[in-house]
């Protein structure tokens, strides 16, 4: 049976965490040749080694706990940590992939970011700043690369099950369930496969006209792009 | 071979125009039982007949030429016409489908609207108003129905080939090509199948966590929800 | 003492309701010559009489209770009523003012709409549709008229005291106070003068570069434009 | 004559560049006691010295040329430079001001950022990332601090005259004028006083209900918040 990604080469970053496992599994099941890289900070030399050659599809999946704090108590180390885990590696990954993809005349970058900056979350302003930098970078990059046939888009998710932000034990807590009922119109957390299927749509050959877009996937917690 | 919509019943409105043919064809190819209705204004009795029984998936596809004019020259008839073609039938369709879908605990409504109101187009303020009413109605409805397992989303497209707004002969005009190069980052008009594939994603069982969302599909002409 | 609107002629519609009284009072205190019109539906002949001559500043203030209902129970009369009270009169007012303002090379239209469609409110989908039509119409019109020196903007408010939506007795109810604490970051309803001061900013000569904008004013309930 | 900021203490950062001079001049003319600080990077010790005591109003004005480059040619130094000039100092300034303002139960932070990330600009993805981080940080912070009576908002401007991005000699170039006519509905660059007046509105006692908001001021180039 034909898979939707037959013959496509894919690199998934941080493939052992956040949305990495679900996306890598689905893409492999759809016929892609998936490289599951388990790096985290993606220094320049790691990026160059990983993206040689640049694959057809790059899944830029990066995660770091939100390090919640009131704004007046943000620790310098936490702030830097979020930018080093989320923002700078994303730039290095996209920068390295963009050139060869432009030359080739095609290529897909699907990033998994967050819906947090689209609505704003008190006590998570550092996290919102870092995720907001990612989203803005991807929008600009997507608009820039569109004319070369290279597509960049992001999944801005919230309330999706994953080890970093919504681990299994949190989902069973009474307090979390009450929170969910109060603020998420869908009243539930989605399974991680949900993100994988949106990533599959974005990575498929059938999607060419969506570029530079930050797609919220959040059960209605937010439906706007900012 | 298993289709992605096997066993699903689907009603496509205005199935002979705008994005109707592409969506109906793809959904049928994916195993759905598709009713291709060729109505336009969807008076209450038409709606009741069409949605008896309410299908698993309703594709609310409505179109009307934009009736371009400077705001000081909007004709009353044109204004009314746009609301009667785009806004009021959408309400009647969603209103009729919502109750049975709520009772059943599932159901999908995918509307094809427009990206025009998300960015705003001079000399198309009447059209933007009508499409803006659609988008706002669908966002509110989607948030309302999410807790019942009923999903409402919209494809807010622009620069996609279709008989109503981007017919074949327009796409060949030199003036149009220059316009495209100037304002669309992707520098091209997408084929109608592109919309059908996004509709398929939204209508599939793999998509449950996106609700009340207005998804731009416009080659980067706009990437924001308003 | 010099007022900020000295010598400006202003028409305020529905001046006895919604944000009309607060805006008319402040604009008069700032030296404007204010015509307080107490119409509601603004049929074409009323509009022509009212806007002869077209003033320097038109405050398009229109209101109608939200007529809350689940989407499957929207009454046809309520739906029509919202469009007749909010959408069609706004078009007639802006249409009549735009021509003379274009000819003159200046003019200000400040509309008071709602933040409801920017975020979406369950059981208020009809209201969201009508207010969404207003906002989309004003965005398109604002972009169209900018090059003529004519400015159109809207205040998209929520949680501001006024007779139509947040009357005094509602604000004292225990249930409403709990709602406010749960969903509005500012934890309070603003006084109606707040809207008047934003309208004054938009109407002043010091504001020329903001056009076609839907400005949320909602205590943080929403901070996005859709 | 009474000024609109009589008796208010104000700190303006980078007061000799970007929107600093225009804002400092207007705020002083409106009766504020203005401290014009001419720092740039705002290291922690500079911030502590500058904000002791924390003023009633902090104008967080930071600028750095956009360092334009295709995404595949971003220089590490340029990237870091933008974050060190725009993102990290903003965090340090807001962090230091937030605590005392919370304790006091009032305080205003008005930041001057950019509209660039709201729409996205090819060849300016690094700049968009840094300005996007600012905007997201300010939205989250504004929502967090609202309940303490502390207001945080941002002016997301574009096409406003200033020494850093739109210096006088650029505005006279034929090529720039053609660009302006093509992409800005208002067809012109605004004077720097325009930003100062929006800042004055946001900093005034009459504005309390707008929090965490990123207000576009861009002649219609963008009217959306993302």
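To keep things simple, chains are lettered A, B, C and D as they appear, and every chain counts its residues starting from 1.
Convention: a residue touches a chain if its C-beta (ideal position, glycine included) is under 8 Å from a C-beta of that chain, and two chains touch if they have at least 3 such contacts.
Quantities reported herein were computed from a predicted structural model and do not represent experimental measurements.
Chemist: What is the shortest path, in steps, from chain A to chain D when you may only step between chains that touch?
Modeler: The fewest touching-chain steps linking chain A to chain D number 1.
Chemist: Using only Cα atoms to place each chain's centre, name the chain farthest from chain C.
Modeler: A
Chemist: When A-C is set beside B-C, which has more C-beta pairs in contact?
Modeler: B-C
Chemist: What's the distance between the Cα centroids of chain B and chain C, rounded to whole Å?
Modeler: A distance of 29 Å separates the two centres.
Chemist: Between chain A and chain C, what is the separation of their C-alpha centroids in Å?
Modeler: 39
Chemist: Any chance you could list the residues of chain C touching two or more other chains?
Modeler: 118, 120, 122, 139, 142-144, 185, 212, 214, 223-226
Chemist: Looking only at which chains touch which, which shape fits best: line, ring, star, complete or other?
Modeler: Per interface graph, the chains form a complete graph.
Chemist: Using the touch definition from the top, list the residues of chain B that touch chain D in their complex.
Modeler: 118-120, 122, 182, 185, 223-226
Chemist: Over in the complex, which chain D residues touch chain C? Could you list them?
Modeler: Residues 1, 139, 142-144, 146-147, 159-160, 185-187, 190, 193-194, 197-198, 201, 204, 206-220, 223-226.
Chemist: Going by the contact rule set out above, which residues of chain D touch chain A in the complex?
Modeler: Checking each residue of chain D against chain A gives 44, 70-72, 74, 76, 79, 83, 87-88, 91, 94-96, 98-99, 102, 116-118, 120-126, 128-137, 139-145, 212, 214, 224-226.
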